Structures are given as structure tokens and as C-alpha cells.
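Below you'll find the structures, each written out as C-alpha cells.
One chain, chain A, appears in both complexes that follow, with chain B as partner in the first and chain C in the second.
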Partner chain A sequence: MAQLTQASALEGRFSPARRAKASRFVVAMLAPSVVVIIFVVAFPLIYSFYLSFTSFTLLRPVTAWNDFANYRRLLQDPIFGQAFINTLLFMFVTINAAFLMGLFLSQAIARTIRGQSLLRTMLMVPMMFAPVMIGFQFRWFFNDQVGLVNNVLTSLGLLNGSIPWLVDRWLAMFSIGVATVWMNTPVVAIILLAGTLSISPELYEAADVDGANGWQKFRSITYPLLGPFITIALTILSLDVARGFDIVSIMTGGGPAHRTELLWTYVPRVAIQDSKFALGAAMSFVTVIVTIAFTLYLFRQLLKSRIL
Partner chain B sequence: MRPSSRRRLQSTLVDLLVWVILIAMLVPALWLVFTSVRNPVEVNAKPPVWIPRELTLDGFKPLFGQSTGATGAIPFDRYFLNSVVVALSSTCVAVALGTMAGYVFARYRFRGKNALFLGIMLSRAVPGISLSLPLFLLFARLSQSGPIKLIDSPLGLIIVYVAVNVPFTIWLMDGFFREIPAELSEAAQLDGCSEWQTFTRINLPLALPGLAASAIFAFLAAWNEFQIATVLTRTVNSKTAPVGLFDFTGQFTIDWRGMAAMATVMMIPAIAFVLIVQRNLVRGLTFGAVK
Partner chain C sequence: MVWDHTSFFSQYIPFLEPLEKYFTPEELKDFSQAILKSATRDGHLWLIPRHADISVVHYRTDLYGNEQYKAEFKAKYGYDLAPPETWKQFFDHAEFFTGKEPGLLGTNFAGKEEALSGRFYEILVANGGKMLDENFKPAFNSEAGVKTAQFFRDLYERKLVPADMTSLLWDGVANNFCQGNIAVHNEWFGWYAYFQDPKNCKVAGKFDLIRQPVGEGGIRSGWAGAHAFSIPASSKNKEAAAALIKFLTSEKIMYEEAKLGFLPVRDSVWARLIADAAKSDNPLDKKRLEIAQTAIANDFFAPPLIAEWIPLTNILTPKLQAIMLGDIDAKQGLDEAAAEVEKMLEEAGYYNK
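Up next is the complex of A and B:
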């Protein structure tokens, strides 16, 4: 950080002593954050990366090189392959669904005149829920015997018998997806609502004069001007969906019979229940790479829009 | 139909749809609160009983040291206290550290800045499952060799939550500090303020809404975190409320009412916090987006 400058018009006026002071200041301000992230995130990741090349288990902590045995087993493991594909599919579908839902709600709320602040407060309710509790709540909603969904469908006379929501592979993925979208829609809607309200009303008035319809106004005014807000919303969304372990693990735990296995449920199953820690470490490393690749793309967009 | 009345009908339908969707979104929360005060026969009743017919607070008894038929008394006071200690202290530390770093990212140019920013943000994308297991091993080793206990202790959780919440705080605060005119800082420095004084006396007071927004995110994340807590906590010494919810699960049965009662109580601090800083929340998320 030797080449430090202050981002201001005064740059040239600073003496070397002043710049050295500023440089120390920058280091001192950044150091605590960097240290704690290294201790809690970077260091454990490196440690588990190292263990993934050994046959380490919790009972036999051997740390000898085992010639990629874990990575070879991982590639041959059909359940891992399925969990991998399930995870990508799940993230793709839920991120898109939550985004579209949030976009729709934000546009609809932005044009309501009465009760807008009440609607916005209602929107925040899911944000206060612990994800664990969302998992439990939706697990009960979708329970095939006592759950609310089957119960309501039966009372309405739409259903005879019961739908095995959390047993069938696709129904279970759907149910988990509903819970995940429910949890993640509000933040998208709130960000896009703030973005929409910040657009100057004069633009719409001008469009009205030109006789534009609602869709044309959305397409050529709202959507382009929402750009930066959409990037922020998608970034937060991808971070949150990728951390959706709580919901899945409580609703199905990856079961029954691995049908809803995602990387987030399969890794602890292997590492803790089967106590193959090193294999779990290898799998979790693959998980990290997938998640980061997913997020990196959005972050690059975000960084481009920042003035650095 | 004339175009204007068609348009009016259309917008009424959209309004109606929004209200329906939002009320549907409230169902899980309302159902949770209702379940907590129901008579047990109503909990799984067929057909469903929407509004509880009679109110009873029996579901809250296990939380306050009395056992019910379904669940014995659970040490809820300990869980709640642990949650409060862990969430509040990790929020304070994370917001302090993130504000300092966010300020530097907003105001200074230095080598490797973009890479460092990206690295910090990506650290938040690491799934908890990839962290909790190696963290457990490392913390266990540190607890063995030194006097500092990090497994089954609030301190361990606090450190982890600080690291988890710092990146998002940096992001939000960076946006807030960018909104404050740099000329103010320049004038202060010409008047002889040091870098630190410029930060604390000029910029920090103007960024208070940002601090509020960051605090709520950090608090909610720590208050509701489960995945790492379930690995790093063992006993009432450190178990937080989300982990304590599992006291209501048996091998084959779940005491839904007791669980709903505990979750209802857990939501009270979260609601209070959100209501207090609601306005700043929206501003905080979108600051820096409009350039």
C-alpha cells in the first residue's frame, strides 16, 4: 500500500509525511476486519483444503497425502453428482422465481396510492423469521398427514387422499423452493421498490404525453433505470439462497433416500454421520467453488458500477 | 369499454392481487402466532381451524420452567440470554469494524483495493457448511492448547458472527460514505484534523443512518443463525435460541405448539429492531446505487 493517495483534488498538496500517515491510517482501519475474516473464513478453508488430500477422520486423525483419493471417490459418487445438479437447478430456479416475484410486487406496490407503507411493512415480515423456523413451519404446512396444504385442499374438495409433498422428489424440491422463495422475495421487492420510487415522475409524465402504455413505460423507463438496483438485489439474493441450508436440512434433510439431496445436506451427512471428514472436506471445497463462481459474476457487475 | 375505465379496472385488479399475495405471505407468520395460543386439539385439526376458538397460554409454559404434556421445561432463559449476548455483541463489533473498513474503501485509493474488496465480499459467499466443520476442529484444538475456550462458548460464536457480518457492513457503509461530499473531509484536513478525527468528527455523524441499517442486518443474521451454532454449541452454556428450538423435537414427534410459542417469543426482538430502523433499512440497501 505504498502508493497511497487520497481521492481528492488536494492530492498534489500532500507532503510525504502526510501520505505516510494516511497510509498507516488505511492499514489500521482495514486490519481488524481483514484479520477476523482470515481467522474465521480463510484459515478454516485452507485447513479443510489441506485435509481434503488426506484420509483424515474424526476418529483417526491421519494427515498423510492420499493421492487425490477423496476427489476420485467424489467423481465416482452418483449421489454427489445428483446433489451437485440439484443444487445448481435449485439455485437457478429459486433465484429467478424470487427475483420475478420481487419485481412484480415492487412494481405493483409502487403504483398503489393507498396503504403503501402498510404494504411495505407487511413485506418485511418474512425477513424477521429465523430460517430454521421457516423450515419447520413449511415442513408442517407440507406434511402429507396433518399439514395445512393437504388439509385445505381436502376441505375444498379438491383432493381425495393426500399428496406426498415431502416424499416425491419433484414435489419435495418444489416445497423447499416455495419456502426459499418466500424467505427471499421481500428483500428483492424492498430494494426494487426503493429504486422505482427514486425514478423521477417527470419521465412518466412525458411518456404519458407521448401516449405510452404501462408495459412500454416499464420497458423503456423503469427497467433501464432500475439496473443498479437489480444488480444489488440479485447479489444479495444469490448470497442468501446459497446459504439456504437451514430450510432444506429441516424440511427433508436431503431425504427421503437422497431424493432432495443438495450439496448443503450431503456434505455434513458424509463428514459427520459417516465420519468421513476428509471426503466431506473435498466435497465442501467443490461447493465453495460452485457458490463463489455463481456469486463472482454478479459481483463483477456490481464492481463495474462502483466508482473506485 | 372505454380505454380509461379498462385501465382503471386493470389497476384495481393488480391492487387486489398484491393484497392477496401479501396476505398470503403473512400466513406463515400469523399461523405461527395462532398455533402458539391454540388448544392442542386445534393444532392438527381437520379441517383446519384458521382463527383459534379459545386462547390458552399453556404453550408458553415450557419456556418458563413448567412442563406440559408434550414437552418438559426447557432452559429457555439461558438460550434467550445467550442469543442476546451473542447477537448484540457481535453486531456492535461487526458494525464498528465494517464501518472503519468501509470508510477507507470509500475515501482512499490504494494498491490492490479492488481485489481486497472483492475478496472480502466473496468471503460472505462461502456456505456455512464449508466453514462449520473445519472451524469446529480448529476451535477444538485452540481450546485444548490454550486458556481461551471457543467451543461451546459465546465468545466463539461472537467471533464467527463478526466475520460473517463484516463484509455486508463494509458494502453498506462504503455506499453511505460515498454519499457524503468529500469536500467536507478536505476542509477538515486543511483545518488541521488528523485522518482519524476527519473520520470520527466529520464523516461518522453523517453516516449514522448507515450504521442503523448495517446493525439491523448484522443483528438479524446473528439472531437467526443456526447452521454454525449447531456445530459450535453443546450445552446451555452457549446454545442460542434457534438451536434450542430442537428441544421440541422428539424422535418421531414434534411439539408444534411449544415450538411456535418459542418462535413467537424469538420474533419479538427481531420485530422491535426492524421497526426501529425500518426507514434506514431501505435507504441503507440502496445507497450508492444512484450515482
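Up next is the complex of A and C:
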């Protein structure tokens, strides 16, 4: 009897009428966020894609259709090409460097017995600064007249004269890279540290019994078990580096003479300062497509190496 | 009512209300006529200026007055060391003073963004060149243009300016002068109070001003700009907007603002300010205002009144930087920039009228 009542109650709960009511409730609850997403994400995305096929500029806001003219033009633009290659190179180097340093720091801190919490707090310091401030700070570090780096090198007797860090093509890219890595390493280190600390100590004890050395334990236990954490860290890191507009704008602004031009400095200059909205939109879409392809490739490689 | 600027108002013209119907010639008579000319386009007045600024050469009196330097200079260059009257002299001075004292460089110019194109532009005009011709075709790759670009390249190549000049903007170059690292320097009047404050600046009390040097074209050009007010075409109560502008640019308000450091744009305010400054202990306070008034009346010129001025500088500046850094020859760099500017203006519809 009791079972029967329960069954009919269940039936009642999932009756078509109730189900329809429940789904109406779900739709009603989701609707506001869907509307917001349509207005804030979907509509601008589709509209800017449409704009990228027009001659729209901020000074002459006329949306005359001009086929692939913007796309043809950006392919012929040597500065766009250079900015594109610079960006790929910059991301490749800084993401790898920040990842390796974060991994190293996480392992070092995980093995620290005294003062671990102090080290963890210190690690957070770069995350407390606004990227704009980091840009200003490093611009001053690398200033050729009054900068910290040249002063230290001169006091140590390693340098006679001054190095124009933010003028030479490779030195300038290096300086921006240092600032970017400094800013982004802690996130990686903290995520990987959390991962490392979550690994059961029993695994290491068993490995000790088998006579494994430190590297073998890292290679066979820590690294594979960190897999999901590495994925999260790399995803956040890639996004953070790809949002690094502030640092490069403040430190060099893409100059001098386009030497440190990245897509983040070039696209806003074309779209906003030069008012060429349509061309800027086309550049953004090419960038997004290439970024997606790059991400897919990255994750496929990660899967292959069984990290994921 | 909106805040506007002589360098940038051209891009807002479609959205602005012509002002001549709200201001009588009588009301405008007291304003600097050179600035009003730069605020007029297509036969309409679009701005009422509030305050202005113009380039002026700052030089270090402790260096220029040093007897030993004077003798050395005369022996090396064959003429007396005196504040630069020509850009050629300016270059000689920069060359002479570089390295004379530890850390001392000849000069520096803001070396990026619109600033570099603007500095190039004023010396280009002084050398008899033009940015655009009367049909809006680029004309800066002329002989005068190449000479001007070469001037910047020579300064950089001979290390008479900071190596990171290409990343310096107004604050950076002013700071270098303030710290006593620069002998002679093209600057805005607006920094005066900062430079004269001994708490901030090592050069306080040790510098003087001279009107812009003459170029090879025999012209004394002062790149200039005026902050100003406009009325948007969409304004619902244009009469009230005009009344507010009249109040904010009135003699009384302008005088009060000018006492805080702004350069005024009304003749009556100039007269009162100069009379006040005559009572100051520092004779430069008065001299500065007199030079500014003369320069604004005679040398004032704004960038070309085109909406594409900033996009133009976004093409020209990187090429000038490349010329300075030795990436490209002066003539070739300017030719390439001119071709790009022409293409941009063509697409904007300047040539099919």
C-alpha cells in the first residue's frame, strides 16, 4: 500500500502537465540570462562579423557591403602579418616560460616544510597588482636612463653605457615577455601547488619502498596526476597572456616603428584610433579563428601526451 | 555643450552646431584671431577657445651662460653661443652640450604617437614644407620633409637625444629636462610652474625661454592647440549652451583660470596677466607671457583641419621612428608614408569631389 502510494505520487510528480510546468519554470528562470547573452555576446559578435564585410568607419558610419575587401587588405598588410607572427612567438615563449617556472615553483614550495604559507602569500603578490601598474613598473625597470636594470648592471660593472631595452626589437620583446611572465607565473604555481598537495602521500611512500628517485617520482606520480590541474592552469594562463594588452601598451605601445607590434596593440589602433571599425573587425575574426585552431591543436597534443 | 580641441574638432563636425549665429563679431573681437582662424572650417566657426598652448624653446641658462662653454663653442662652430635662433643652431647646440656634463644630453623630443608627427610637422613648416597640399595630397615627402626627417635621424644617430626617445611622450621629455639631463628643449608653456618648483625640478631658476627657432624656409612655426567648447547639433537648448560658453570663456573666468597657469586666449586677459607678472620677483614670469602672446599671435598653427589627423599620424609616426632608428632611409620612409596617407584620404573621399 505504502509502495503504491509512493508510485502514484512519483507518477504525479512527473506527469506531463507537471513536466511542462517545470520546463516553463526552467525557461522563465533562464530567460533573463539568455537575453543578456544575446545582447551582450551574440548580437555584437554577429553584427561585427557583418561589419567586417562592409566599409564601416567611425568617421563615416555607412555600412556599404564590400565583400572580402577588408580580408584581402589585411592579408596584404605587412604590419598585420608582422604583428601576427610576433603574437604567436610571444605567446609561445611566454606561456611556456610561465608554465615551466610555475611548475618549478609549485614543486619547490610543496617540498618546503617551514614557512610554506608565507611563501604562498608572497607568490600572490604579482596577482594583487593591476596589469597597468605592472606595465608602468617594468617600463621603469627597463628605462635606459634611470631604469633599475641598467643601474644594477652598471653598478656590478657589467655594463658601460646604457642598453636601450625598449627600443631594440628583440630586447623590447624580451622586456615585455619578462613582465608578462612575472605577472602570470603565480597563477600557474598556485593551481599546480594545490594539485600537488592533493596527491595522496601513500603513492610516494610506495614509490620510496620501490626505491624510486626524486625525478622518477615526479615523472611517474606527480606529473600524470597533475594532468587536470595543468589543463586548467594552461587554459587560464593562455587567456591571461592573450589579454595582456595593458603591459605592452604601457611599455612600448607596439613601437618603436612597429617593432613590438602585437595583435592587441595593432587591432585597437586600426579599429578605434584610425576609426576603421570594419577592418579591425576583420582582423579580430582572423585572429579568433587562428586562436581556436591553435587551442584545438594544443589540446590534441595534450591528449596525445596523456596529460589530460 | 562639449569640450573640444582645435586639433581634433574636424572629426566631430557632422555632429556640431556652427557657432557664428550665437556669437556676435563684437563678442569675438577680444579672442586671439589666429586661434579663431584654426577653429573655422568650411566657412563656419565650430569652437570657442578656452585656453591655448604653443611650442617654445626652453634652454638652460647655467650652461648657455658658462664662459668656458662659450669660448669652446665659438672655437668649434665659429659663432657665438646664444639661445638658438635657427633649427641649425639648435642642432649645433644639442651636439655641443651632449656629454659636456655627466648624463647631459643635447635635447629630446616626444618620440611617439601624435607627438612625434606634430614635432616633425612644425619643423617641416619652418623649413618651408607642408603636410598636405591644397588638394589634400600628402606633401611631407618633399625636400623640406626629407631634411626635417634627417634632422631627427641625425639627432638620434649621433646620440644627442635619449636612446629611448621613441618611447617618450610629453611627461617623459619634460621629466628629462626637469632632472637637468637636457640642455635645450622644445616644450609647451604649460609645464612652467612644474619646472620652476625647486622641490620637483633641478632646473628651477636655471632656465629661460625663447620663441621658436626659424627653419630654412625662414618661418618661425609654433605647433599649437587650444582647448575649446562646442555645441553639439543634438543639443536641446542651444541658446543656454551658448550662454554657458560665454560665461566660461568670459574675461573674468579666463583671468582666474590663467592665474592658475593656463595661457589665455583673450587680449584683455593677456594685458591684465602681464601687468600682474611685472610685479613678480622673477623677470621670467613676465617674459614668458610676452613670448607666449607674441607666439600665439604670430606663429600659431594647428594640424591640418581634417578628420583623419590622428590616423595620419598613426601612419607617419612609425615611419619617422623607423627613419630615426635607421631601419629605413629618410626619403624612402616618407614616400611610403605619403603613399599610405594618400590611399587613406582617397578612401575617405577627399579626391573625388
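Keep this in mind: the second predicted complex is superposed on the first by the 256 of 308 C-alpha atoms of A that agree within 3 Å, B and C clash if a C-alpha of one lies under 4 Å from a C-alpha of the other, contacts with A are read in each partner's own complex, and residues count from 1 in each chain.
Definition applied: a contact is a pair of C-beta atoms (placed from the backbone, for glycine too) under 8 Å apart; a residue touches a chain by one contact, two chains touch by 3 or more.
Treat the numbers as computed from the prediction; the structure is a model and nothing was measured.
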| request: Counting touched residues of chain A, say whether chain B or chain C comes out ahead. | output: B
| request: Based on the superposed arrangement, let me know which partner A:Phe80 touches: chain B (first), chain C (second), both, or neither? | output: neither
| request: Figure out whether A:Thr287 sits in contact with chain B (first) or chain C (second), or with both, or with neither. | output: first
| Between chain B (first) and chain C (second), which does A:Phe90 come into contact with in this model arrangement: first, second, both, or neither? | neither
| Which partner does A:Ser162 reach: the first (chain B), the second (chain C), both, or neither? | second
| query | Regarding the shared-chain residue A:Leu123, is it in contact with chain B (first), chain C (second), both, or neither? | reply | first
| query | Which partner does A:Asp144 reach: the first (chain B), the second (chain C), both, or neither? | reply | second
| said: I'd like to check the shared interface: which positions of chain A are touched by both chain B and chain C across the two complexes? | reply: 146
| message | If we count contacts the way the header does, which residues on chain B are in touch with chain A in the complex? | response | 11, 14-15, 17-19, 21-23, 25-26, 28-29, 31-32, 44, 46-48, 97-98, 100-101, 103-104, 107-114, 116-118, 120-131, 133-135, 137-138, 159-160, 162-164, 166-167, 170, 178, 182, 185-186, 189-190, 194-196, 199, 220, 223-224, 226-227, 241-242, 245, 254, 256, 259, 263, 266-267, 270-271, 274, 278, 281-283, 285-286, 288-291
| Residues of chain C touching chain A in the complex | 11, 103, 111-113, 162-164, 166-167, 176, 179, 181, 307-308, 310-311, 314, 317-319, 321-322, 324-325, 327, 348-349
| request: In the complex, go through chain A and note every residue touching chain B. | output: 1-10, 21-23, 25-26, 29-30, 32-34, 36-37, 39-45, 47-48, 51, 105, 108-109, 111-112, 119-134, 136-138, 140-141, 146, 148, 151-152, 154-155, 182, 185-187, 190-191, 193-195, 198, 228-229, 232, 236, 238-239, 242-243, 245-246, 249, 263-264, 267-268, 271-272, 277, 280-281, 284-285, 287-288, 291-292, 294-296, 299, 303, 305-308
| task | Using the touch definition up top, name the residues of chain A that touch chain C in the complex. | result | 57, 59-60, 139, 143-146, 162, 164-167, 251-253, 255-258, 269, 273-276
